[in-house]
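Common to both upcoming complexes is chain A, partnered first by chain B, then by chain C.
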Partner chain A sequence: MILDVQDLLVRFPGVTAVDGVSLSVAENECFALVGESGCGKTTLARTVLGLQRPDGGTVAIAGTPLAGLRGRALRRLRAQVQIVFQNPYAALNPRMTAGRLVDEPLRLAHPDAGRDDRRRRAEELFDAVGLTGTHRSRYPHELSGGQCQRVAIARALAVGPRLLVLDEPTSALDVSVQAQILNLLDRLRRTRGLSYLLISHDLAVVRHLADRVGVMRAGRLVEQGPSAQLLDAPQHPYTKALLDAMPGRGRAALLADTIEAS
Partner chain B sequence: MSRPPGMTGVVEAAAPTRARQVVAALTRDRLGLLGLVLIALLVLTALFGPWLAPFPEQGAGLADVARHDLPPGGAHWLGTDPLGRDVLSRIILGARPALVVPILVVALAVLIGVPLGLAAGYRGGRFDEIVMRIADMFLAFPPLLLAMVIVALLGPSLLHAALALAVSWWPWYARLVRGLTAALRDRPFVEGARALGLRPFTVLSRHVLPNAAPPVIVQASVDIGTVILAVGSLAFLGLGPQPPTPDWGLMVAEGRTYVMTEWWLSAFPGLAIFLAVLGFNLLGDALRDVLDPRSVTR
Partner chain C sequence: MTELLTVDDLTVEFTRGGAAVRPVRGVSLTVAPGEIVGVVGETGCGKTLTGLSVLGLLPPGARASGSVRLDGREIIGAPPSVLRDLRGRQVAMVFQNPGTAFDPVRTIGAQFDRVIRAHRGGSRGRAREHAERLLRDVELADTGRVLRAYPHQLSGGMLQRAMIALALSCDPRLIIADEATSALDVTVAQQVRRLLLRLQSERGFGVLFVTHNLAEAYDLCDRVYVLYAGQVAETGPTAEVFDAPAHPYTRALLDALPRADRAGTTLTALPGTVPSSVLAVTGCVFANRCPRAEETCEHSPPPPAAVTASRTAACHFADTGGPA
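Let's look at the complex of A and B:
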């Protein structure tokens, strides 16, 4: 298991954001979390990233529990899990160029690498996410949303993670760009053996990427199962209601076509 | 001494601003340009004062009693004082301390306040509480009063006055930066930087500080003007530089006794203070517009 969450509990004053959630993500698997806003998906994701301390339960990354780790050891384990945010503009420091944004994590992951070595690695990453060298000198505000998201993905990949948390990775993008990014994520998973923890409101996206789906409500995981089974034949009444309310039902076919075409 | 209300808004996704773009934008703003010109004049006067002053040795304090109390005109454009010293020369020689001391004060306040604000805003919790309550304690004193107490303890001198003002000024920067940092901390690009495994120092210096800097720069510019006034006030009260140092605040104070008959003794140093403060305030206002990306049209 690349990610193993057991009985996770996160409390904020007045609310229990995550209430006894257990889930796991296997090597090369995509696990999707769905649920309405405020159900605790994002808090769960932040806890997995080590940005939020749990009040109970455990999070283990590749078999190593996050709890008790501090300083250097925590930072090293963190590199195993990276995040791709919803709004690509907010996810990139507006005062750094795309080149520097990718170089920074490369320096971190390869402290002994020389400039030429890092440059080669950066080129490889830019290539892998479908950007060219001309984008390196651009600032985020000089790039399109899709290009920013590619930079954000390259930046996340630079430290060599095994799990990517995808927090609504396409919902801030145009539909045509959404398909491109989904394709990219698909390809990266295959070629790099990545695992994904996907957070999404969009059924079409979930259907396209996820192997398994978990449904969250008020901090609890009410149902989980293989995505085809859960999406087509939900058991829990809340899952049924949620799936009816989620966008992307009719769009799934359309998006699938776009993905085929691109 | 009133301060402009602190700016608490976090700068939205700032476009990268290069110094040249900032200067270009400043020169398009007429008042900003005036501010730049005033400050440039002040800087040039401070740099080349000893060569510009018509009577440099009188400016430094040498008396020429025979030519005392001359009204403006002739060889003495701005008149002479009761000791026969050329007022223009003394104003020109006073430019250096008038510029250096406030910059020193603000730099010191920024150096203390900004790191504390960054740490408090980023770490939060008890550390934040302690730092901010200490800052509140300093803010509860009227700055001039606090400075007077410190100067009274250390003895009057320009250096002590500067030290005293810096001590009463840092909390403003701590507070401003703390607010900006607390808002930036939860932004995705900062969380992402933490998730990469960057050290807190790197996250703060590379990702938080550059995005919190514009309001601090604006505040610093306006504050230099305010500190010029404060230093002048301390000097006027006799708590700053001592005679015969050519200092604008001290000159205003010395001329006070004769203000009904020899108005030029206080009026011209007062005008110099006014122009210097005006320059920094105009620059601060213009910088606020230029550095605030919401108003940037590109």
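Let's look at the complex of A and C:
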């Protein structure tokens, strides 16, 4: 298992954000967490990244428990897990060119590498995410949303992670650009043997990318299973409500809808 | 049929760095009384500015030309007094983010009071009764609590319901909804769509529904206009446009959607981007990304042409033969 989460508990004053969640992500697998605002999915992701200390339970990356790690050992483990955020403009330093943005993590990952070596690695990364040399000198505001997201993905890949946490990676993008990024993520997973923890509220995106799905509500994982099976035959009423809320089934279905305010 | 809203050859122009930019270029559309009309397209296609022009709310520096007639009255160039008279009573707006559309330092009640008494007059007590009725209509049961609350004390879904209630407070004949569900959680968004549909069928107002979400437009709209680079690429009854798109751009948008039957496949992504200077394009503005483009597309812009009696598409090679 690349990621193994057991009985995870995260409390904030007055609220249990993650309430006894267990899940695992296998090598080369895409596991999707779905749920609405405040369900705890982002807190869970932050805990997996070591940005949030759990109040109970364990997180293990490639067999190594995150708890108790400090300093260099923690940094080494963190290189195994990287994140791609929803809004690429906010995730990239506006004062750095795309080239420098990708070079930055390369310096950290390869402190002994020379300029030429890093340049070669950067070129390889640019190529892998579908950007060309002309993009290297551009600042984020000179790039489109899709191009920025490609830079963010290249940055995440620069330190050689085995697991990417994808936090709503296409929610801020237009439909045509979303398709490009989904195709890219699909290809990177196959060619680089990556594993994904995908966080999304869009069940169409989830179905497209994920092998397995976990549905979160109020800190708990209410249902999990293979994506086609879970989305075709949901067992939990909340999963059914999420599916019923997907638009695109016509006006009659919208009117027949009976989901209640939660 | 007498149209409620007639937008004719609307162009919106700005000056940026000494050069003219035209985010809306010759858009024409109509909304009949009681009709829900979608304006769909991607970022920068001009859909929001088209909606704002109906309220005379274009940002500073924007120059609008063409014609926007609401119930026969021209909005472009109308003096503020006419616009004031039209807003609220004839046309009202529901914005994307209810959290920023309300004034954060006034209670919801104070904001209802202000709008209702400005447009309808009457006492505070009458305004409050009216506000309570409106809130019950949008399925906000605890009206006292909502009216006492400041915007930050309500959830996004409750605020958007309150926003719809406020928009309905003067019985407008037309509602402009701009990405009205985009900031909401999926189940809440669905509730708001259903609410809008119910209110529309009960009250019979027309809706200009601006959205990037094709599936949402499919569920709600009687007709849709698909915008690309400031122009109408295609228009027609929603089901016909989505089931058998005539314009290659519409087809490309639909092909790019992830769907159950496309899981595990490579999606058909639209290559390239909108030309950086659309005004420099002499032919079809979609030609550089279009799979069907031929030489003629590079040189002559396609005018909107009838596909069927109820549909038009601006394409030299519009698909007229039904589903391909």
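Definition applied: the second predicted complex is superposed on the first by the 245 of 262 C-alpha atoms of A that agree within 3 Å, B and C clash if a C-alpha of one lies under 4 Å from a C-alpha of the other, contacts with A are read in each partner's own complex, and residues count from 1 in each chain.
Assume a residue touches a chain if its C-beta (ideal position, glycine included) is under 8 Å from a C-beta of that chain, and two chains touch if they have at least 3 such contacts.
These figures come from a predicted structure and were not determined experimentally.
In the superposed model, A:D186 lies in contact with chain C only, and not with chain B. Applying the stated contact rule after C-alpha superposition, one finds that A:Q229 touches neither chain B nor chain C.
More residues of chain A are in touch with C than with the other of chain B and chain C. Shared-chain residue A:S137: touches no atom of chain B or chain C. The intersection of chain A residues touching chain B with those touching chain C, taken from the two complexes, is empty. Chain A contributes residues 46, 49-51, 74-76, 78-79, 81-83, 85-87, 89-96, 104-105, 108, 139-141, 152, 155-156, 159 to its touches with chain B in the complex.
Per the touch definition, chain B reaches chain A in the complex via residues 13-16, 187-189, 191-199, 206-207, 210-211. Taken together, the chain A residues at the contact with chain C in this complex read 36-37, 144-145, 174-180, 182-183, 186, 201-205, 207-209, 227-228, 231, 241-242, 244-251, 253-255, 257, 259, 261-262.
Note for the complex: chain C touches chain A at residues 42-43, 139, 156-157, 185-191, 193-194, 197-198, 212-216, 218-220, 252-253, 256-260, 262-264, 266-270, 273.
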